[in-house]
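After this come two complexes, each holding chain A, first together with chain B and then together with chain C.
Our next item is the complex of A and B:
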């Protein structure tokens, strides 16, 4: 019985991750790889990686409100666009870059907060409807406000040339910026979606009655999740300007918003790793399908979406879990662990208290 | 500190349908109080009026003297109220421990930024409540299941997990909605023992809605019988079981006459 408690529902992958030396050395190895990678890869690969980072952050934001909290948002790209425009405007007017970054986070967050305060009252599909309006309104608005946005021409801003003395190429410098800022956002979000707030978001998604009887106001937590998603969207907009250095009304078109959502589902809803995979999907797959036949791009993407949905409803991030579950099922004909007959089973819980929470997967 | 619950003339109406009619009673601090009555008598509706999921059309609900009718459920948790549901609503893919920890929500300090940064205060509080949740599971015979996904457990065990989740809120007033529904006999015995232990070890007032007369008789200090949304009688479980009006409400007038 003691073994059951120590290694519950253990997949090979998760028990590997729980070994102490892996937990300590893992982040260090990751850090070394992230530092070394930009120096070793060719320019094209660095650029692709940087763009993956940008959209991984955007998908992560979407995941906070939709994957973890279960509120359908179809407007995430609007906050990316807003962050990009704020950045472009600030840089063009020679504002301090730190101030520009703060504004690129805060402006989308405040807009998101205001939208959510109204939309979350409505509940259900109404939130989705309101969020559809954001990119639909955003595109013509960006065209009309040409004094600030450059109209249909858009704005370009170069502020991420590698500083003299670093000896880096521009693409390397930009990738470092994406790793630093994007990595920080991922780390903070990962911490947030575990523990107190992660559980609250999950129960708002799962059952609002239970949430409220636990002292968790569904309304307040929906607004919170939406605001955080908008803030993260703003960060991804800033990173977009770091890498792409150009934004136009097309940046925040509704089609892109849907593609972000598809990327989130394929990567894995309510999953941190899934957000990165989603970002990779968003960037890499159009490149690949374009190489096969540009006229078939949309068709191939759609087919890929269907394949993933049918084979892996939890997204690519759920692949290891699906594999171990399948293996467990085929190996053991025995059912799940049976309860002990005596109520006083005194299995050791000392080690169990130290165990990290496993990442919560999404099942909408 | 166990709480006192006072209901006065609570009525609830959906359109033209009178679900509750001027129901009133007092639950003393530390009592185990039963709400019984045939199907459709309005027990669960009354429950929802207390827990804030329904807003009574008229009348007052007081917890320790403070009027709380119409307050949102999330606010009532702050008044020390916790409840379980007729159909346990757990996060099936999360572990049992994570499910129980949800009950700690209001006891954990810190805003989103503090948790995103994993500041020491948040980490310490999480660690302490994790240990407390494990101990609670252990005490209720569920320690072995703490790290299993909830969907690998039976219905009866779900009820136990849900009870632990409510207890981790450190409630002063606990509402149990049909805790014995769907449980095999042996598990009802365990449940009775658990609720008894609650009264002895924790200072807590318990209100139980239940069909299972055996459980009501074994546990409650006092019961209120509801029929057609109105209070039929109030007294001990033994008085209720022998009251002709109660027998009539349960099995019909003719059968009651036959039985007499």
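Our next item is the complex of A and C:
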């Protein structure tokens, strides 16, 4: 850790965050908020939050393969669609819902594994080309296999009405499901990328030769990252059915894959918080532009994308850092009394695995 | 100082959350609307002097052209009515009609989100284009008892009153079109050999189903060859060659892809095979399909329609068409000549809704659905002679009658018989 010089504010904040009671109370407070939120918010806000959760999970999956491991994937929406179709098919055939969930995770993961075994042998942009093929093949496939997918008319599955006796509204129940499943995925992924695997991913991303010389097989870790991303994509597909309750070939159209990619970059590549922000961007921006002028949505979305990328090249997740940097610069300009700071020193208080990543994303 | 602030804030959030958990009941009073329908209490989206209608339709992306039309037509229709003071309802009140339209970019997920956003503000959802985008929130609309009516999809599900009690499609379903041509052919009195080429999905199957049901029992019609192609195919040359060898004199061509229809027409000419053709309404445009495809080379090209073509010289002096073309730029925010029939259809949706409003005696969604389902033989403006709006027949959309038209080298003329 190259924390040579630290600004007083951030050291105070990090020492605060390191206090034992804060460490224990922080997650607890978050949990309480997550439990209380669905009960307090109006129906529309709950629906929006639930949809944000769905796409935050999808963006998180993309982040594992692209943000953390540096492999361009343009096929993430295919795995969301696959998970959604598996869920819809299972529900319409009255399978046990736990089994449906497991299948919605496993089927995309296996497909992802098979694709990755071949694709990861190729270098660089070739992987992107292979992954492009997934949604392009997926849409006509979903139309042709109409016995399983309902063809171009799609499949409806309404299985997430609030159970009798809970006293909850449907939207509250759905939001709890999203919080529970999505939260678990986020927690597991956070642990993954901050641990041994996360460090290996980062080295593969940084330099494959270095990784090989350290005994880390780039091929194996690329396949692993891609498989995990597919699995998470499948989970987001399950959540898609929880919230939207309908899937059709349009669900996995190629354009959405690009939108997911945009959401990841806007939220912040290789960042857990960035994934949530990316999901929020994916969901909120169309609503926002609709509120401004429904006939100019595409134009407004493009303009917004350019503005964010211009002002925050590291994505929305880098906003706090950009702010502290700006504040420090203005303070330094004010007088010679300001403490000397080296511009390249890392000021964030993330852990070891995340730090080099957040540092690099500024140049991405 | 900052530390202090943080812990205070954390405490505040914790207390607020604890309070919220103990009082879950009082949070929700407004939401969940839609029930409580019995009695004369007004539904959301309607007051004594105005009513709001919602639309979710593609306004950006590949289907933005027709999607924009679905909003423009109805907005122009009610814009003109509002300028005259409003629409008279069956309960004696006169109300202005507001349209709230949102873009779904043909994304089912966004369509469902738009519906969620609109359902408590609008009285009814209408006019939206697209099968998946309407299916995405069909179940929710049924559960919330929100009307989803006169929508632009050929999917028969929306016209099945049992399955879809709060829905009604507007445009003819695929079967209607195939059936109209089949009937014309069966009544020709001559022997015909028919070759069928259809898209291998619900679209093609719907057309073929309608056609075969119409020619069932007609001794003069023989289907000599039946082939399919996939919507993603880039060529149907092989199928056309095979069909040409069958010696058929009529081709029933249920294709939804404009470039494929053009190349099919060209291929047939290369093979010197000159049958009569039937083309679906959405791939029979004179300018986009028949001219590049060399349609004049064939003895007859037939299609179906129920709307007057505003660009046709035959209707240049038509009162309906004149009023429509004047209102579209003025109230519909659509300055160009209408490029898609959806503009005309949307205008008819406006007229049909007005018809239902005039029969509505209570400002409720239930009463509206009753009024809407009791329209018989209503000739909406811009409708061709012999076509009407009829909502009383279960399993059929609001418009289920189409007339067969024949290409005359520039546009289409309605025909009574196959020649």
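Rule of thumb we're sticking to: the second predicted complex is superposed on the first by the 304 of 364 C-alpha atoms of A that agree within 3 Å, B and C clash if a C-alpha of one lies under 4 Å from a C-alpha of the other, contacts with A are read in each partner's own complex, and residues count from 1 in each chain.
Following the convention adopted for this analysis, a contact is a pair of C-beta atoms (placed from the backbone, for glycine too) under 8 Å apart; a residue touches a chain by one contact, two chains touch by 3 or more.
Keep in mind that this is a model prediction, so the values were computed, not measured.
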Touching partner for A:154 - first (chain B), second (chain C), both, neither: second
First, second, both or neither for A:215, with chain B first and chain C second: first
Touching partner for A:224 - first (chain B), second (chain C), both, neither: first
Which of chain B and chain C A:197 touches, first, second, both or neither: first
Those residues of chain A which chain B touches in one complex and chain C touches in the other: 9
Touching residues (chain side chain A, partner chain B) in the complex: 1, 4-5, 8-9, 188-189, 191-192, 195-197, 199-200, 202-203, 206-207, 209-218, 220, 224, 228, 336-337, 339-340, 342-347, 349, 352-353, 355, 357-358, 360-361, 363
Chain A - residues contacting chain C, complex: 9, 12-13, 16, 22, 25-26, 29, 32-33, 35-36, 39-44, 47-48, 51, 140, 143-144, 146, 151-154, 156, 158, 167, 169, 171, 240, 244-251, 253, 255-256, 283, 286-287, 289-290, 294-295, 297-298
Chain A contact footprint on chain C (complex, rising order): 2-3, 6-7, 10, 13-14, 16-18, 20-21, 24, 27-28, 30-32, 59-61, 68, 101-103, 105-110, 112-114, 116-117, 120, 131-133, 135-140, 143, 155, 157, 200-203, 230-232, 333
Chain B to chain A touching residues, read off their complex: 51-53, 72-74, 76-78, 82-83, 85, 89, 91, 93-95, 98, 101-106, 108, 110, 112, 115-118, 122, 126-127, 130-131, 134, 138, 140-141, 143-149, 152-154, 157, 165, 169, 190
